[in-house]
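Letters A, B and C mark the chains as written, and numbering starts fresh at 1 in each.
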Amino acid sequence: MIHDGAPSVDWLTEDVDQLLRQHRTGYAMARGFYTSPAVYEEDIKTYWNQTWIWVGHLCQLPKNGSFFRFDYGPESLIIARDRKGEVGAFVNVCRHRGARVCPEASGRTHAFTCPYHAWVYELNGDLRAAREMGEGFDREDHGLLKAHIRIMEGLIFVSTAEDPPEIDTAIAGLTPLIAPFGLERMKIAHEASYPVPANWKLAVENYMECYHCGPAHLDFSQSHSLKDPSSVTPELLAALRAARAKAGLSPAGEFSQHNIEADTKRLDAWSGSYPLYPGYHTGSRDGQLVAPLLGDLKAPFDGANDLQLGILNNLLIYSDHVVGYRFVPRGLQDTDIQMVWYVREDAVEGVDYDLEALTWLWHVTTQDDERIIRVNQEGVNSYHFRPGPLSQMEEFMRGFYDGYLNTLRRARGLA
Amino acid sequence: MIHDGAPSVDWLTEDVDQLLRQHRTGYAMARGFYTSPAVYEEDIKTYWNQTWIWVGHLCQLPKNGSFFRFDYGPESLIIARDRKGEVGAFVNVCRHRGARVCPEASGRTHAFTCPYHAWVYELNGDLRAAREMGEGFDREDHGLLKAHIRIMEGLIFVSTAEDPPEIDTAIAGLTPLIAPFGLERMKIAHEASYPVPANWKLAVENYMECYHCGPAHLDFSQSHSLKDPSSVTPELLAALRAARAKAGLSPAGEFSQHNIEADTKRLDAWSGSYPLYPGYHTGSRDGQLVAPLLGDLKAPFDGANDLQLGILNNLLIYSDHVVGYRFVPRGLQDTDIQMVWYVREDAVEGVDYDLEALTWLWHVTTQDDERIIRVNQEGVNSYHFRPGPLSQMEEFMRGFYDGYLNTLRRARGLA
Amino acid sequence: MIHDGAPSVDWLTEDVDQLLRQHRTGYAMARGFYTSPAVYEEDIKTYWNQTWIWVGHLCQLPKNGSFFRFDYGPESLIIARDRKGEVGAFVNVCRHRGARVCPEASGRTHAFTCPYHAWVYELNGDLRAAREMGEGFDREDHGLLKAHIRIMEGLIFVSTAEDPPEIDTAIAGLTPLIAPFGLERMKIAHEASYPVPANWKLAVENYMECYHCGPAHLDFSQSHSLKDPSSVTPELLAALRAARAKAGLSPAGEFSQHNIEADTKRLDAWSGSYPLYPGYHTGSRDGQLVAPLLGDLKAPFDGANDLQLGILNNLLIYSDHVVGYRFVPRGLQDTDIQMVWYVREDAVEGVDYDLEALTWLWHVTTQDDERIIRVNQEGVNSYHFRPGPLSQMEEFMRGFYDGYLNTLRRARGLA
């Protein structure tokens, strides 16, 4: 007998409502979540376009007139610093016939002039000029659509929702904990994109659990304790607390809003450290530092500090560098794993840090991830796939499921 | 607030009927017209397969047995000159199991033999032979499907509709006006195809308005007055009339059936000249002629003569050459901009004309168009796109919208 | 008039039920069968995943622990020989979160360890180990899904249906007839894959009829009598019977279960010979043998023996080699024609056979097929395509249609 026979459930449906209703808590999500074009449309419209997205860092906007784009799915946002120095975010779609008003990825400008018909928008999104529009046309009604924006320690978060999820409680809770890292005084050392032929949710799930770290990440597992919870001994925790104190961090400071998106419009958020194995001061090949200490740190804290502000937005803070992760949808089964490596802003490449040494660990780790996310999508595409039970090490993933599913359920009147 | 809040309108629908009902006159068309597979299917079945298409020129059929193909979307037509010299058009689909009976793009043959099972069709489409079909099979019922055909001054127009739009009034009106150009005595000097990742309607719209010519076409705008209606001064118009008279053309001859497809099954059609700027005799880099004068012209008329017969079919007549434009759908967001440059049939390349000089203007202009049509589609794909108001210089585009929308509405019983 | 006007039939529908209801016996199938994503989903779920598929040969599993994969559409099967020497087949989808547990195409192993989270499956599919699954998790419920399997003369057939079609009557009928060919004592001499941008059914249809052999296969037609039934004279049949007897085969042994899938869940099956033209002992360029005689044959039988066990599974047995054919769906209009050439297991390449000579005929023949199947799909995609009448030489294809259509009708409650 080939099937495990869960009665009265259509495991192969691609209907969004039925998928949302059928999900079994504690199990993987069904095939349709990763194969249905209707779900993907909902993912962009109802999830990505409604939540907060970490789009970049203030170091990308050094001067008035500086701008950069952040794109996902069919969407494109412009983040710009205007003439007064204010940072704003806008939808990169002309209010005339919809062309991208900003075809460049980044740069500096006095205004955004649509390449099609030359409607001119100010750096704050207002429409400055539009030729031949006749009487009755009101420029004030035709500025670029403005997105909500928050900046936390230099990190820029944007939401295009009319009524975005509540984010300020999390920012207030996280800020004092991460302040010593001096995240606002960083620069980008390197960026890389790892395309994977899989739905974006499979990439997020992969980031959410370390059940796979032991089997799949030999290099990572050598230094990071996450591969096996039982390896985090009292001795290791005590060492971490001592190192944090020596570094100038509160010994065990944590902020947690876990699994809160499931029930409210408040974002999941998290900051907390876990130990590296003895001899490792940072996430590098030999455990030695690969860049100058961040911010106000007085010594390495010999751990890794997770930072999450909204399920989609994840950074990993080491003593000497920060790695940011994004799982950017390009199509139903086409995702870019985007990685950004930050070091302190005054560090000089070739003098204070070596790019290969800095990026080695998460380059090889992400290559592993690309491979296993790919075979995950391949198997999920099978009509024989039935969601299996989650392990005890996939707890955070359940949080992602709950937050994601309930966001869609609320939007569709099912919650 | 991110949205402009047009109440009770679902701007993101991909439902064909709802899209047709929701369109606001004087505004761009909504996202779904350019993103919905159902709309694209309708575009081919209800619009392209029902209207008249300019497929080529008699110079492509020099002898009995000569043929060429014209393909769009999933369709393929054969245009052939039969043993009696008659020109006909047929659907390039075998009446047995549907193979393309003519895999070649053009050539000369005695008959069309299907490469699959060797059903043999005459040059006039009749089925000549089919083996092993048993009794009761009637060859007369299984000829290639015949398309309607009209030839105007050498230009070939085809419709696969059972009951095509009325075209003869337009032909009768246009013919005397364009006769002096001698279009039937031309040859193809050059053909080129510019693929653009956008829906075909965005390419048609681009051709329909010169609101973009100033910002997007620096080279074109240097010689052609269309970039700005206010630049067409009484002096310029007077110069055009004088030049037309000197060339042997009626001073201000025009034929117009504008916006007629919206209400009837009669085709929009248009012939009329606009001035080039002083010093320009034709559409070339320096304004000098790039080929011998066409037809019966006695002198250059120092203008450009638009010729339209059906919304899809557009040619631009200069004193010394003609440029034909086609916006051929290949897929939902995949279009070929096809260009054909014609010169008089006795002109010799390298002696009477130089190919680079002849094609320069519309090569660079079409490269510009490819770029802006592409960013147009990119922005229209956004779930944040809302159709904006059209300018006063996009009047012809409204005609395209009205004709297109009402053709679909009529076919679906909505008009 | 462009259409042949079959009233009240929507020839362009893509609705599965309507397509199944509308089919006219004796005619080609309608466009939607080859263009509708919903039909393609049904093809995999209801046809391929329910019937028996020929996946390979025992020679691919020489030792305990040997395994190979067979993939089609989104599906992947593992065929493995376990520690006791038993051959089994499993769905290559992890019971946890669905990753491919076996990313390799073939090899030898002690167990299948999922590359994602290291769930370990035995060679017989049982789950051996899964970490951190907590109490209440039952390993016995989470083995790889097992497929049904049958082995006939070394050929391996698999079905993933809960209740597969009846196959044992056919195996019992075929086995004595093909036993003298010694198919279980063969090895793979060569494999090749010919991708064709067409629906898999067009490739199966192409194999099912030799109406196209005369026009399309000049090389094949020189030696094989199938191109024209009238060419199979009494003299040719008598020569075949004499040669079969001399080879040690029953003079005219045949087994036939034709068009039986249409009405029952019993597989179509067929074994029977047809003559080669005088001078041809096998399917080769010059008719001379290209490898040692198979099995117990005492002389070449100067014919070709078709072997079919289920509509999808076809092999052609010559005196000295066997060619297996598979038409493997990769997507809606993306198919791999997979060919396998077998010779007797003790034949040595370069000594007993030359690879180019062995594979020449079916390499050139399949290249021809790729070309005509491609133009078939191109024409079928036209909205003008209407299914035409089948010839008298397309009888077996009608069997395919009937079996395929009734299988889908039964599954959807329409039969």
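Keep this in mind: a contact is a pair of C-beta atoms (placed from the backbone, for glycine too) under 8 Å apart; a residue touches a chain by one contact, two chains touch by 3 or more.
What you see is a predicted model; the values in this text were computed from it and never measured.
Trainee: Moving only between chains that touch, what is the shortest number of steps from subunit A to subunit C?
Mentor: Each step joins two touching chains, and the minimum needed here is 1.
Trainee: Are the interface residues of subunit B and subunit C largely the same numbers on each copy, more than half shared, or largely different?
Mentor: different
Trainee: Specify the angle of rotation obtained when superposing subunit A on subunit B by their C-alpha atoms, rounded to a multiple of 5 degrees.
Mentor: So the copies are related by a turn of 120 degrees.
Trainee: Using the average of all C-alpha atoms in each chain as its centre, how far is it in Å between subunit B and subunit C?
Mentor: Distance between chain centres, rounded to whole Å: 47 Å.
Trainee: Where in subunit A do residues touch two or more other chains at once?
Mentor: Residues of subunit A never touch two or more of the other chains.
Trainee: Using the touch rule from the top, collect the residues of subunit C that touch subunit B in their complex.
Mentor: 1-4, 12, 28, 31, 205, 211-212, 214-216, 371-372, 375-376, 378-393
Trainee: Along subunit A, where are the residues that touch subunit B in the complex?
Mentor: Touch residues, subunit A against subunit B: 44-45, 49, 74-76, 91-101, 103, 113-118, 130-134, 137, 141-142, 145-147, 160-162.
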